[in-house]
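Comments concern the structure below.
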Amino acid sequence: MSEYRTALIVGAGSGLSASLARLFSKNAMQVALAARTTDKLASLAAETGAKVFACDATQRAEVEKLFAQMDGSLGAPDVVVYNASFRTRGPLADLEPADVEKAMAVSAFGGFLVAREAARRMLPQGRGAILFTGASASVKGYAQSAPFAMGKFALRGLAQSIARELGPRGIHIAHFVIDGGIRSARRLVSPDKPDALLDPDAIAQSYLHVLQQPRSAWTFELELRPWVESF
Amino acid sequence: MSEYRTALIVGAGSGLSASLARLFSKNAMQVALAARTTDKLASLAAETGAKVFACDATQRAEVEKLFAQMDGSLGAPDVVVYNASFRTRGPLADLEPADVEKAMAVSAFGGFLVAREAARRMLPQGRGAILFTGASASVKGYAQSAPFAMGKFALRGLAQSIARELGPRGIHIAHFVIDGGIRSARRLVSPDKPDALLDPDAIAQSYLHVLQQPRSAWTFELELRPWVESF
Amino acid sequence: MSEYRTALIVGAGSGLSASLARLFSKNAMQVALAARTTDKLASLAAETGAKVFACDATQRAEVEKLFAQMDGSLGAPDVVVYNASFRTRGPLADLEPADVEKAMAVSAFGGFLVAREAARRMLPQGRGAILFTGASASVKGYAQSAPFAMGKFALRGLAQSIARELGPRGIHIAHFVIDGGIRSARRLVSPDKPDALLDPDAIAQSYLHVLQQPRSAWTFELELRPWVESF
Amino acid sequence: MSEYRTALIVGAGSGLSASLARLFSKNAMQVALAARTTDKLASLAAETGAKVFACDATQRAEVEKLFAQMDGSLGAPDVVVYNASFRTRGPLADLEPADVEKAMAVSAFGGFLVAREAARRMLPQGRGAILFTGASASVKGYAQSAPFAMGKFALRGLAQSIARELGPRGIHIAHFVIDGGIRSARRLVSPDKPDALLDPDAIAQSYLHVLQQPRSAWTFELELRPWVESF
């Protein structure tokens, strides 16, 4: 059980976000889900009792509105998880600049906007947690994947910087390096390679564990990968 | 609750080892404690039901004997924690070579000997976990602390190497970067800096969490530091 | 002496860029200088025989025009150095989103645009070099400096990604971690701390060395810091 | 041209050491070669005017004698390069403990002994350089290569630690990550993969460059790899 009460998950359309919503809800947290498009979140919201907000996290005004709506309904979140990301691949020479801008905006700039609003509310309380979902690309720039590397490296730079600023003010910042593919309805594990994709419920357990850490022994960065993943 | 049943803690004289023994015991694991000198382990053994073994982990014959004794009593451990370390400080020009050898032997070579015996028993089962306790010095060589850096860097190299070998064989290898001082009877937190030292019970909770991870989402490396620690 | 002939320096207004222009020119390279505002580049251009181009590196059309102008005058560069960066500081809660966007655009997105145009011209030749100027903030996110960390981390992600793609195609990508302050007219070394700021001419020598490396022994990343800098 | 005058190369039997000896000699440095067995060093000594010393770098008394002999002949070296290493491979369960001890002794402990004697002589002068040769295994522990990882990680920990101690006293410490195979008479580049092995002469040029850096812009760590090497 965590001492936190209200969790906002941004980028709520992913399978990991669904696992987090369920686990947080089971652990007595009130959950809020934010996503650019919310039409697919109805059943998850029903299942978890979550409140749903439409928000394009790359737009300052929308992020400010999201937090204002939280203030006026569930109250400011004491846990925020930033899961949004956008990736595109290809040889450098063929990449579309607009896609690169979008990758940086969704994967990193939105994380900044969300963390800023969260920090403004957590700082006066001297407590709270902001969790960022990274990837293999957070620590290694793969060939033909520059946009994702740029976004995820930037997000990690943000997380490190604000961990150093906000940690001593009581706000727990953590960055998860998800080093492998995540299992989903579209991406099934092959029977001859059991557990070769990360189970999103298992990832969620590690997020919850980090939320439960007392402040004398906080984790900033934690890698998660399948047993058979090369690294 | 972890699926593991028998945990061997090497370097059992430390406060972290005591916290681990208590927590593992509470989670239904049979605990074995190994240390070079065992006279101070009696009360912990009584409290946790642990079996105690004398073992200088830097000596091949003693490590082999330790595991043979385990084989003949509790059975081979499915969890091994390597906590032993030795440090000495000083300007490079003044360091005693014998101290440097000892730092490398206790902090790293002993870890190899213990992991080797553990792996020999875990590999046929296709399961098990070997956890290594690192320090700030595992990832940063501090001035006037070359011996500790040499030992802890080497231990991390060992852990990475065997994680890549043994992970895909079902054995979970994890390395913990304990980045701060650990609270103890001799090292108390000052009242004006609450929680500025790592609570060994809190560290132990993160070790247990790693043991509970399903193999689709294993952590290899995890940092733990007090909220106010600079990094 | 390098085998390269034509060097384009983007972000040409800095002291490091001036040192590079002088050194490249002395080493028989034709130099081109690109900067958003070019009015202060006249004397450097006169001294080094450099051609000067106005270019806002964050604007796709301007970067494409810059390279088209190069094509039509000096020819496509076989060396490109990306030096542009923008930073702003402050507590997370007080940062202006527009400043963060600018930091990411100037420090990283512009690097992508420039590298893309450069690669398009270097790939058919199977040779060339693209050098990126990083900072302490490329590898460590400092408190109250999130925007710079976001930009510089992203630039490093870009550099790593394209090093893996373009290296095996004959294009040398290198990333320099400038870990300290650079001496300038505005930032003088204090007499009691000699050489405590990086001499831009000394940095430039390391850039030239990297350009001179044969392809069997290329450096991707290299740190440069003053002897007294803590790290 | 470097300002240094006398270079001691320990582990002088390798191809890289030979390239260093030739390059240093051409750059007006007096060279000393130390190796456990010296019988194969005669022609290199003749070619470079180097003085040859027999020394097992893992033995304290022999290292002290080596430096005493230098004191009494060429004078204390102002450059020391530590090139010695020993590796053995294999599954963890099959590794011989004696081989692991040797890997740590040759690759790391010897580096400590040599650096200690070097520092004792350089500190009173407030100048000098100690260069360490690392490998891919310095920063990544590969499967089935634990002993080499342990030795090379430890050497890097030593180098970092003493860089932080000795840099501000005027002694330049540098660590080279040689990330690939080195070309040699026994290890030839295949014609269809040109320059796929590091040319030791090219590596030596980067060592010399680091020696030539003024103290305002020192490199601590530098990677070198062939253009086609994956990383």
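We call the chains A, B, C and D, going by the order they appear; numbering starts again at 1 in every chain.
FYI, a contact is a pair of C-beta atoms (placed from the backbone, for glycine too) under 8 Å apart; a residue touches a chain by one contact, two chains touch by 3 or more.
Since this is a predicted model, take the numbers as computed values, not measurements.
Listed by label, which chains are in contact with chain B and with chain D?
In this structure, no chain contacts chain D and also chain B.
Can you name the chains that touch chain A as well as chain C?
Neighbours common to chain A and chain C are absent.
Greatest Cα-centroid separation from chain D: which chain?
Centre of mass proxy via C-alpha means gives A as farthest from chain D.
If you average the CA atoms of chain A and of chain D, how many Å lie between those two points?
The mean C-alpha positions of chain A and chain D differ by 44 Å.
What whole-Å value do you get for the distance between chain A and chain B if each is reduced to the mean of its CA atoms?
31
Check each residue of chain D and list the ones that touch at least two other chains.
Only 164 qualify.
Which two-chain combinations qualify as touching?
Going through each pair of chains, those in contact are A-B, A-C, B-D, C-D.
Sort out for me which residues of chain A touch chain C in the complex.
So the residues of chain A in touch with chain C come to 60, 91-93, 95, 97, 100-101, 104, 108-109, 112-113, 115-116, 119-120, 123, 137, 140-146, 149-166.
Help me check something: in the complex, which residues belonging to chain D touch chain C?
164, 167-168, 170, 172, 183, 195-199, 202-203, 205-206, 209, 212-228, 230-231
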